[in-house]
Amino acid sequence: MNIEVVVFGVSFVVALGSSIAMLFAKNAVHVALFLVAAQVALALTFLLQGAYFIAAVQIIVYAGAIMVLFLFVVMLLGVDRREALIEPLSGQRTIAVGLGALLAAEIVYVAVKGTEFVIGGRGEDALVTINEDPGNVKALARALFSDYLLPFEATSVLLVVAIVGVMVLARRMGHEGFLRETTEDEGSEGAETDAEVPA
Amino acid sequence: MTSVSPEYFLALAGLMFTIGVVGALTRRNAIVIFMFIELMLNAVNLAFVTFSRMHGTVDGQVVVFFVLVVAAAEVVVGLAIIISIFRRRRSANVDDVNLLKW
Amino acid sequence: MSDFPFLDVAIFVPLGGAVLIGLIPKDRHDVIRWASLFVTLAAFAVTLGVLVNFETSSADFQLGSQAEWIKDWGISYSTGIDGISLFMVMLTSFLMPLCVLVSWRIETRVKPYFIFLLALETGMLGVFSALDMFLFYLFWEASLVPMYFLIGMWGYQNRLYAAMKFFLFTLVGSLLMLVAILFLYFAAGDPSFGYRELLGTPLALDTQRLLFLAFFASFAVKVPLVPLHTWLPDAHTEAPTAGSVMLAAVLLKMGAYGLIRFGIPLFPDAARELVPVIMGLAIVGIIYGALVAAMQKDLKRLIAYSSVAHLGFVVLGIFVGSLQGMSGGILQMVNHGLSTGALFMLVGMLYDRRHTRQIADFGGLGKSAPIIAGLFLFVALSSIGLPGLNGFVGEFLILVGTYVRYSWWVVPATFGVVLAAIYLLWAYQRVFQGPLTSEPNRTMPDINVREVIMLAPLLALIVFIGVYPKPFLDRINPSAEKVVRQLNDSSVIPQEGLAGEVP
Amino acid sequence: MTFAASTLPTDEATFAQLIFGAPLLGAVLLLFFGKRLGKLSGIIGSATVGIAFVFGVLSFMDLTSIATGHGENARVLTKSWFTWIEVGDFNVHMSLVIDQLSIVMVFVITGVGFLIHVYSIGYMSSEENYGRFFAYLNLFIAAMLLLVLGDNLLVMFIGWEGVGLCSYLLIGFWFEDRANATAAKKAFVVNRIGDFSFLLGIFLLAVSAGTLTFAGINESAVSGAIGGSMATVGALLLFGGAAGKSAQIPLYVWLPDAMAGPTPVSALIHAATMVTAGVYMVARTFPLFEAASFDVLLLVAWVGGATAVITAIVAAAEYDIKKILAYSTISQLGYMFLALGVGAYSIAIFHLVTHAFFKALMFLGSGSVMHALDGETDVRRMGGLRKVMPITGWTFMMGWLAICGIVPFSGFFSKDAILAGAWADGQYVLWGLGVATAALTAFYMSRLYLRVFEGGVVMPEGTHAHDAPPTMAAALIPLGILSLAAGALNFPGGLTFEHFLEPVLGEPEVAHGLTAWLLGGAATVVAVGGIAVAWALYLRAGGLQVRDRTERMLGPAVRAARNKLYVDRTYETLILQPGRDLAVFCTEVVDRKIIDGAVNGTGKLVAGSSELLRRLQTGYVRNYAAAFLVGVVVVFSILIVRVAA
């Protein structure tokens, strides 16, 4: 048995297992932790397929930064909230599970069957070559800063927009705000101390 | 490179994506829904990486890189929205936000 | 002097004026009113230049200009008028200052009102001058929007329903036309929307028929022909007075004008084939409009239905395929604009005084307001077709023209003249004659100076055209003859009647 | 196209436009300044008509000064202003013609018109809208002059409709009363029905003759350019117009109601001038009638004869003094059509002239009576008035004797000539109708005259009858003289009037010699008989019993006559009510239910569907996501199936 097969098996089980566990975890913190586990397992599969840089980024950015953000928000909004198990929307669960199963079946069918048609590139050997010379990171960087320069620049715009947007959205609404919104609460004293007002 | 053939990776990606879909549809906590969306994105990333391997180019990985950036931006904005909704309505339950109808 | 682009300037003077009025502070009502009056008078003065420089005996397009606009798609800014559109342009610019006077007492949202009014004028002038299908369609739709707002914002109680009905009816029609225009554009091969370039595009009869019907749908709604007329009474009734005047006097004419300018010349074979159907509809419209008008309880609705009947005459004249009919139809378009416009002004004056349009609320007004009564009767008689006034000349020519080609059809059409007398005189009797029954009627003030000023030009023209229509006919005839020849090009029309021979 | 384009005729008539222009100017002046001019408007109004009369005389002198001898129609003067309508080959000129026929009409219109204007100065003196009245009256004179002076059918039609309009305005002069307004409208609309026919006739002639000038039409009728059947239809259509304007069966119903107008109006418009326009028109276009393949003239004669008898019967049963005169007018118009129908065109015009004198006189006389009796019109409440108001009484007597046809009053000559014409034409039945009408006429007019002016004085209580004031008398006396003497215009043997009109209307066929004397004698005998019967029933002591007995005997007939022979009611049920029903049906069912129903139904359908569809918009974002998933699965499935296939 090849060690790679073992690694793949482990990551397969962990990724799928923790994904399923996410579905059933009632506490948002648990969901987040399972997601971290799944992401780490996915990072392993990236490594297995020669995407070294992406694997690293996956761990650092996703499992690290983004998930911390999630946990932070979960904590901010209160961890104890548990969801009721009753589904208020009729048919929602049936549709989700039923169609989800169908979709999964279709994707797996395509994945297994479809690769026969799809492959038309140079194959994995080429990637091995690239990973040796000039190396995975360099190759990625070269692609990013030459062929994909325009989308790359666009992402920077996207990030700026996101930052500004978040600032607008997350600022405390108050009388001193530089972008006063006209809402129905405006002028009422409760606007600033919203948090204490019961919903 | 691994001897595990790409079909398995794609199948894993597909299954995880579906789980993400099901979760996003069935859970009601907005943050949790967001996490399932992240799960879907991750599954897609796996698919891209697999394709990159199959094609023997790094383009797939570049796409993953972009997906990461977009996901990060999206998470940040999304969470900010959730927070502002929570401030107003004292709830992160998406079913409570149903005013825009009919 | 004649190099001066009178026509193009006339089209855009109102729009420019609208922009300038946009700069006036919105609470300076009087400034806005006077500015609008000035702008419309200026536009009228420019169109007088058009009239003076118009070459009488020519059937060609004149005084226009041509400029490339969107070259890749063959869209150009191309204008010009002939004897058919000349008087439509004149009518529009002539009525507009009067409409501003009519609207003098509008007190709510004065600024947007006049801006819409001026925008409407540009749209209408553009429709009558455009010689590029794309430009035409643009103006056509552009005239729809201000009217929609005029009805919807300054109308009466049921205005939203009326505005919506007006908008949807005309929009459905014009979308069909848009499709047909595009089809024609692609069928012509040469990428051009120019009217003159598209003329004579060879088309199979089936295609022609479909395209003609699409154009016809748009124009017939606008005219309106029975049974597509029901938007008209509602729109007329609910529109503010100036809106009703413009609607009746000019907007309806856009439909008839479209039939003459585009319907027949672009698809002569299809038009010829459908002549009996259209004439049938026109005659049904004459009788039906008159009958329904007789039963109306609302004065404005009554006049609206009378428009249906009168426009039936116009369409009859256009499609009958004789020069007398065509010239009469075109002249009658002008006549109807004058007399129905004046009628709506008079009803508006009654409404201003009594805040009702119900005939039953009036009675005996000839005693308290003899001048208004006299003027109403005068205009009603012009509408009835009393010889010596304008309506007679048009109707007579249409009917003679009809007789030339189809002797029997003239009988029901002429009977419409009798019916017109019934419903208008009955209305006159109920409003102005009989005893003065109620206090507000007894104390109703008679006409004032502003109203005299706004009616006098109309009345003068009504008499002038009735007594001496020659200057009008001389300019209409050459162009009318051209269209008649297009309609009669082959011998599809059955040679009925006594004077069957056709040049 | 088939129209014969013509150029503007030459200018010959110097005064034609002035004849017509003077009253028009007066009308415009009075319309605008009538209120300010006050009492002056009556004088201005009368003066303009007087001026028109003077111009008429001048034109007449012009006309007679033309050397005759270049053929029959040499005495024609034309005046052209401008081309009115010109489209392609079709053109109509605004031009007037003065010939013997139109000058006679001009004299009648301006002459009688002037007298009636003068009369109105007194009669309308207490009227609030004095100026407006004279404005309308002047406008009427102008329109009527245009009608008779027009040299083509279309210019005539301007006048034709113009007089109709003035009639409408004047009948409805006191419009505060609903009945007056209704009568005015009825007059206009019934006339319009006639005009409908007239217009169709104009279309037909315009196309088949290629021109609308009378000269042109008559010429093509004579030369056969208008085919026999075309001429038939054209003549019938023109006659339809004439029947409307001249109140013949079946369109006479408006004229009795038209008495709602002021009495001078009835005298001028509804007796002397406007209603005779139909007679004038038929006389103008008689070659067309003669060219018809079907004997349209015979129809005209029969319609005229029937109208004459039937309305005379109704007149005999009426009690309203003006209504009696109105029915009498219709009856006399029937006489004129009878004359036209038997080819005695100039006789018809002659009767038109004498009738204008004596009927105007009687209307004015009745107006004088009403003026004296505070508007009373019921003859049962009058009696012996000649003693109270001698001028009115004596002049009315002139009119009475004239219409009865007593020698030597004018009516005798014209009526006798008509009867002689019918006899000479071989229409003995029509002659019989004429004689019967003459008898009836003598009866009902005597009934009116004897009741009102003779016997013991009867007046409504509280009235102080007085004779006509000077201005009114100034009109009555000349008309009385004319009624007496106008017969001299066409004295048998001299025959100047007929002769004068001969170039235009041809020579009438009349009886001669012994037949003529016998016929005249017969007419006189029936007239005297009619008067005698009336005297026996209404003036002689004990007449009342006889009257009652005959009324009982003729029960249903009298009732029918009192109810105007149910004609109005029949029209109401057969034509008006179905028309109204149709209009209501169109309005309520077709327009509102079917068309608007379809439109609004479409709207409702759209609204209803969106009412259902909007339920999909739950507001739950997870529902939308589920819908998204459904879409994804469907698309994905389709792709798989297609790729696999």
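Order as written gives the chain letters A, B, C and D; numbering starts at 1 within each chain.
The definition used in the following text is that contacts are C-beta pairs under 8 Å (C-beta built on N, C-alpha and C of every residue); 3 or more make two chains touch, one makes a residue touch a chain.
Keep in mind it's a predicted model, so treat the numbers as computed, not measured.
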Between A-B and A-D, which chain pair shares more contacting C-beta pairs? A-B
Distance-wise, how many Å sit between the C-alpha centres of subunit A and subunit B, to the nearest whole number? 4
How many angstrom between the C-alpha centroids of subunit D and subunit A? 98
Using CA atom averages as chain centres, what separation in Å is found between subunit C and subunit D? 36
Quick one: subunit B and subunit D, Cα centre-to-centre, how many Å? 95
Junction residues of subunit A - those touching two or more other chains: 89, 92, 95-96, 100, 103, 110
Identify all positions of subunit B at which a residue touches two or more other chains, and write them in rising order. 21, 25, 28, 95
Scan subunit D for residues touching two or more other chains and write them down. 618, 620, 622, 626, 629
Could you list each pair of chains that touch, in label order? A-B, A-D, B-D, C-D
Contacts from subunit A onto subunit B in the complex sit at residues 2, 4-5, 8, 12, 15-16, 19-20, 22-23, 28, 31-32, 35, 38-39, 42, 45-46, 48-51, 53-54, 57-58, 61-62, 65-66, 69-70, 73-74, 76-77, 81, 83, 87-89, 92-93, 95-97, 100-101, 103-104, 107-108, 110-112, 115, 118-128, 130, 136, 139-140, 143-144, 147-148, 151-152, 155, 158-159, 161-163, 165-166, 169-170, 194-195, 198-199
Within their complex, subunit C touches subunit D through residues 165, 169, 227, 229-231, 288, 291-292, 294-296, 322-324, 327-328, 364, 366-367, 370, 381, 386-388, 392-393, 396-397, 399-400, 403-404, 407, 410-411, 414-415, 417-418, 421-422, 425-426, 429, 432-436, 467-470, 473-474, 477, 481, 497-499, 501, 503
State the interface residues of subunit D toward subunit A in the complex, per the touch definition above. 618, 620, 622-623, 626, 629-630, 632-633, 636-637, 640, 643
For the complex, give me every residue of subunit B touching subunit D. 21, 24-25, 28, 94-95, 97-102
Parts of subunit B lying in touch with subunit A, wherever the complex brings them together: 1-4, 6-23, 25-29, 31-32, 34-36, 38-39, 42-43, 45-46, 49-50, 52-59, 61-62, 64-66, 68-77, 79-84, 86-93, 95
